[in-house]
Amino acid sequence: METEELVIETRSKELTDLTKDVREFCHHVGGSGLVNVFVPHATAGLAIIELGDGSEPDLAHLLEALFPKDIEYNHQHGAPGHGADHLIPSVFSPSIVVPVIDGEPQFGRWQYLVLVDRNPDNPVRHVRLSFVPA
Amino acid sequence: METEELVIETRSKELTDLTKDVREFCHHVGGSGLVNVFVPHATAGLAIIELGDGSEPDLAHLLEALFPKDIEYNHQHGAPGHGADHLIPSVFSPSIVVPVIDGEPQFGRWQYLVLVDRNPDNPVRHVRLSFVPA
Amino acid sequence: METEELVIETRSKELTDLTKDVREFCHHVGGSGLVNVFVPHATAGLAIIELGDGSEPDLAHLLEALFPKDIEYNHQHGAPGHGADHLIPSVFSPSIVVPVIDGEPQFGRWQYLVLVDRNPDNPVRHVRLSFVPA
């Protein structure tokens, strides 16, 4: 299988754009099929959203509304509120599939695929890209 | 790859049932594998739920609870509350995969695959169906 | 297609670990590609999270925050609050894809794939595993 584990420098940002990485992987592999993006971490997930025009801070507010850092969690490891980070992949799935035609992932004009990671202790993350041809 | 971009008339409804479209595509293609349903828009997503018996208005309430229209968003384009629409695909992923056996998608008896789109300004949407054989 | 419908005894627990089942299926099938996990029910979903260290009760609290049992639902079948169960698969998608290399699903060290089902009336559930080779 054409598969590759990317090393992503999040620089501790909540959102990291992976769209270009997915495009380059698909261009390199070529052909038509499905590309799977998979994050092998327990405190990060994926989302397909528009970037720019204020969508990043709006998503940051949604993350805080869904997974507030200041309530008590049973999970006690890490920095205060780290229990919230462990809930992220349950809603923001770490696995997404995108159709590919002739080496081009079929993102819409305003779609970006982003890594969602609220843990500032993770400046580097891994993301696996895998291609299955039709 | 067997792939097709459907043009879906949502008639500005929040939920549009795509189950029959997916079934027909799989019947036409035949064989066993995975069918991917992908929405190339930045303000719409997908969900697999039961339809009927009150599930539609219950999902409408959930959408308003998760993405309230009447709070302030950084995203300022479109009608008031349009920032909320931009958050939908982050939780209701625009990509779903369904297993197919002998041309039949393996939905359970009470499962329907629906397009989720709260923006009344979008009476027509596109949905891509793609099949990868095993 | 290599595909199998598992019969899972949830014993009415909210979370049931499927990781070992997915691993065994992939070991048996062998090869590299994508494995799809699909739940053909309308009141259950899937999540990839860490287990242990308090993550289970934290996810239980998130489920109650997202889908409270004590509010009124339009859906009136089943036990009180059963309308909440019908919303679970809209957020916790019943379909997840995991990359497989040489018969090994590429879960991270802390990742577990779990069935999410809050309905105590379902002690037995079905889960379909399907493999598409690259």
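Just so it is clear, A, B and C label the chains in written order, and each chain counts residues from 1 on its own.
Here is the rule we use: a contact is a pair of C-beta atoms (placed from the backbone, for glycine too) under 8 Å apart; a residue touches a chain by one contact, two chains touch by 3 or more.
Just so it is clear, the structure is predicted and the values come from calculations on it, not from any experiment.
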{"item": "Interface composition of copies chain B and chain C: same or different, split at half", "value": "different"}
{"item": "Superposing rotation of chain A relative to chain B, computed on C-alpha atoms, to nearest 5°", "value": "120"}
{"item": "Averaged-CA centre spacing for the pair chain C and chain B, given as whole angstrom", "value": "20"}
{"item": "Residues of chain C whose C-beta touches two or more other chains", "value": "34, 66, 91, 93, 97, 132-133"}
{"item": "Chain A-touching residues of chain C, taken from the complex the two chains share", "value": "32-34, 47-50, 53-59, 62, 66, 91-93, 96-99, 101, 106-111, 116, 132-134"}
{"item": "Footprint of chain B on chain C - complex, ascending", "value": "1-3, 34, 36, 38-43, 66-67, 73-77, 83, 86-87, 89-91, 93-95, 97, 126, 128, 130-133"}
